[in-house]
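Two complexes, one shared chain (chain A), two partners (chain B, chain C).
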Partner chain A sequence: MSVFVTLLKKECLESWRQFSWFWVPIVFILLAIMDPLTTYYMPTLLDAVGGLPEGTIFEMPDVTAADAMMMSLSQMSMFGVLIIILLTMGTISGERKSGVAELILVKPVNHSLYITAKWLAKLILFLSSFIIAMLSSWYYINLLFDTITFTDWFYMVVFYSLWIGFVVSLTIFYNSFSNKPGLVAAKTVGTLVMMALVNSILFHRLPWFPNNLSTHIGQMLNEGRLSQELWATAIILALLNGLLLFCSFATFRKSTH
Partner chain B sequence: MDQALELIKLLWPLILLQFILTIAALIVWYRTEETKGEKWVWLLIILFANMIGPILFFIIGRRDR
Partner chain C sequence: MPLQVKQLTKTFDQHRAVDQISFSLTPGNCIALLGANGAGKTTTLRMLSGLLKPSSGSISFNAFAQGKDIRAFIGYLPQYPVFHNWMSGREFLIYVGELGHLSKEQATKRADQLLERVGIAEQKNKRIGKYSGGMKQRLGIAQALIHKPKLIMLDEPVSSLDPIGRREILSLLADLKDEITILFSTHILNDAEAISDEIILMHKGKIIEQGLLSHLREKYQTRKIELHFKPFDHVEIPKLDKLPSVLEVTPHQEGVTCLVENTEIARQAILELAIEQHWPLSLFSIGKMTLEDMFMEVIDK
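Let's look at the complex of A and B:
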């Protein structure tokens, strides 16, 4: 166990050194509050920028609090996920390239502990940033739009965390048998794009497909109840997380021997 | 002018966070000895590509050790 703690500390120290603990929360907050804020102030913005002909009437679509919250989430699923991938792509492959991995694994360190420590360190960083970001967007949405209850917010954060975990697990899985960070990122993004494609084709047949998580969360925020599909998607995501992590143990062991 | 002031009042959280991010990137840029590629190019990127610039610098700009 103490080996694990040491490995975890090393990972966290590395995030400190790369200033990730500083800028990831800030960027996530920016991503989360940008859309709700600009949507709310759009009339004022248009007014200030001007250039509209006299008498133009703009029909602003009504944006509910749930819609605004979903705007934050969709920013997270685009740029947030991209940042997560870019920051995780080198976690093992980069160490392989520079020889740090060999230095560590020469010692009697369990391979699965090595991977789990990396996984957990990344997860702690991204989840705490995500929670801070969602807290700030929650604050603004309650202020500017309408109230979203704490329970709804809490469920949203918990369920969406599974998706963040999935992205981290997937990136680490591709890491486990590669020494090229760029390739890892490309494979991860490719997989996510493929999944989105499959989802857009089979959307009606597979309501539990992982990519539907945001849709179900949106539904939950609108209707205020947890649907069966949301639970099914969440359970599948959790299982996928475990499976990917387990596979990375195996492939990592194979590729280092 | 009035309207500009109004806008700043509305959007100050965004502006403040962007500002902090840029300043942080500048400090790290100043203290980094070796960057990937020319160092002065990174200064331009940080200053003029707002939000994306600092992020790019943090992710790929610095050479490890």
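Let's look at the complex of A and C:
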């Protein structure tokens, strides 16, 4: 156990020294509040740059609080996920490439603990940044749009965390048998794109497919109730997380030799 | 025996990097793993340290590690050690010490001792990224020792150092010899000769000679007789070939070198011939074969 704490502390210290603990939360906050804010201030912004010509009829779309919240999430799904992949792609493969992994793995360190510590350290960094980002977005939406209850916000954060966990697990999995960080990123992005494609083709048949998580969360925010599909998707994501982590243990052990 | 290796083989694709080697290490000895580049030294050490899985054969550490993680008992220094450059030397040592099951206090104490011992105590709080190659090598030796292993394996520990650094590290290793078993690889024969008790000579993946250095010296050194003449014009060398026990005669600028089977018999015969022929002998010596001569001879066979 103490070895695990040592490994975890080292990972957190590394993120700290690389200033990840500063800029990841800041970037996540910007991503989360950008769209709701620009949407709300669009008329003001248009006026400020000269306004529309006389007589233009321009109907601003009616944006609900739930829509605004979903804007935050959709930014996270794009750029947030990309940042997560880029910051995780070298966590094992980079250490292998440089050779420092050799020094660590000749010490009596359990390989599964080594991976789990990395997985958990990334999860702590990204989830806390995500929570902070969603808190700030929640604050502005309640201020500018309409009230979203804490319960709804809380469910949204918990369910979406599973998706963030999935991205981390997937990147760690590709890390576990590679020593090329770039390749890890490419494989992870490729897998996510493939999943999105499969989902867009088979959406109606596979309501529990992981990529539908945001859709179900949006529905929950609009209707105020947790659908069966949301639970199913969440459980599948949780299982996938565990499975990917477990597979990483095996592939890592195999590829170290 | 802290370590016993039997029929160890590693095949990469079609190439046999290590080919059925067997040896055992005597506790408390310093063993040099000698060989030219590509002889299979690094592959052997990586297999022993658990970083590489053997294709076949066995490695057993049974004397002190029945059913335990053998990595707790060994320290390993790769040929080009790489560290977390964002850590300081001291932080890194404490980190790997804790990974080696030391408590925080023990690891800190041991790290400070070792930093002193390998001679980088002054720069211990500097980021490793700013260390020179020699300092990294020293830090590498310290990290191999941090968890008090019973056996340390060092891959070319001094090859990348300058002459002064090399001498310092070699004397450090000589000091350590009393405490732990050291297995180190090198292609520099002088280094092996300077501190090792035993050598294992590898060539093309096979062990071609091994044993105590003193035994090997005895085995090889007495088999060379050196003759110098002054002047060296009218000496009839072919006659030497026909003497009992003389195997091979190689002429050179000042005289000849004879490889002999039995020194006693050959000496007698050569000296008798020298008197009979009135050779102008200026030097007669029973050659001390250096490790280098031995290396060349064994490889030639």
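FYI, the second predicted complex is superposed on the first by the 256 of 257 C-alpha atoms of A that agree within 3 Å, B and C clash if a C-alpha of one lies under 4 Å from a C-alpha of the other, contacts with A are read in each partner's own complex, and residues count from 1 in each chain.
Here, a residue touches a chain if its C-beta (ideal position, glycine included) is under 8 Å from a C-beta of that chain, and two chains touch if they have at least 3 such contacts.
A quick note: this is a predicted structure, and the numbers were derived from the prediction, not measured.
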Partner chain in contact with A:98 - chain B first, chain C second, else both or neither: both
Which of chain B and chain C A:56 touches, first, second, both or neither: neither
First, second, both or neither for A:30, with chain B first and chain C second: first
First (chain B), second (chain C), both or neither touched by A:109: second
Partner chain in contact with A:87 - chain B first, chain C second, else both or neither: first
Chain B versus chain C as contact partner of A:200, first or second or both or neither: neither
First, second, both or neither for A:18, with chain B first and chain C second: both
Chain B and chain C contact sites that coincide on chain A, given as residue numbers: 18, 98
Chain C-touching residues of chain A, taken from the complex the two chains share: 2-3, 6-7, 10, 14, 17-18, 98-100, 102-109, 256-257
Contact set on chain C toward chain A in their complex: 49-53, 69, 71-72, 74-76, 78, 80-84, 86, 95-96, 98-101, 103, 140, 143, 147
Residues of chain A that touch chain B when the two form their complex: 18-20, 22-23, 26-27, 29-30, 33-34, 37-38, 41, 44-45, 47-48, 83, 86-87, 94, 98, 136, 140
Residues on chain B engaged by chain A in the complex (per definition of touch): 3-4, 6-7, 10-11, 13-14, 17-18, 20-21, 24-25, 28, 51, 54-55, 58-60, 62, 64
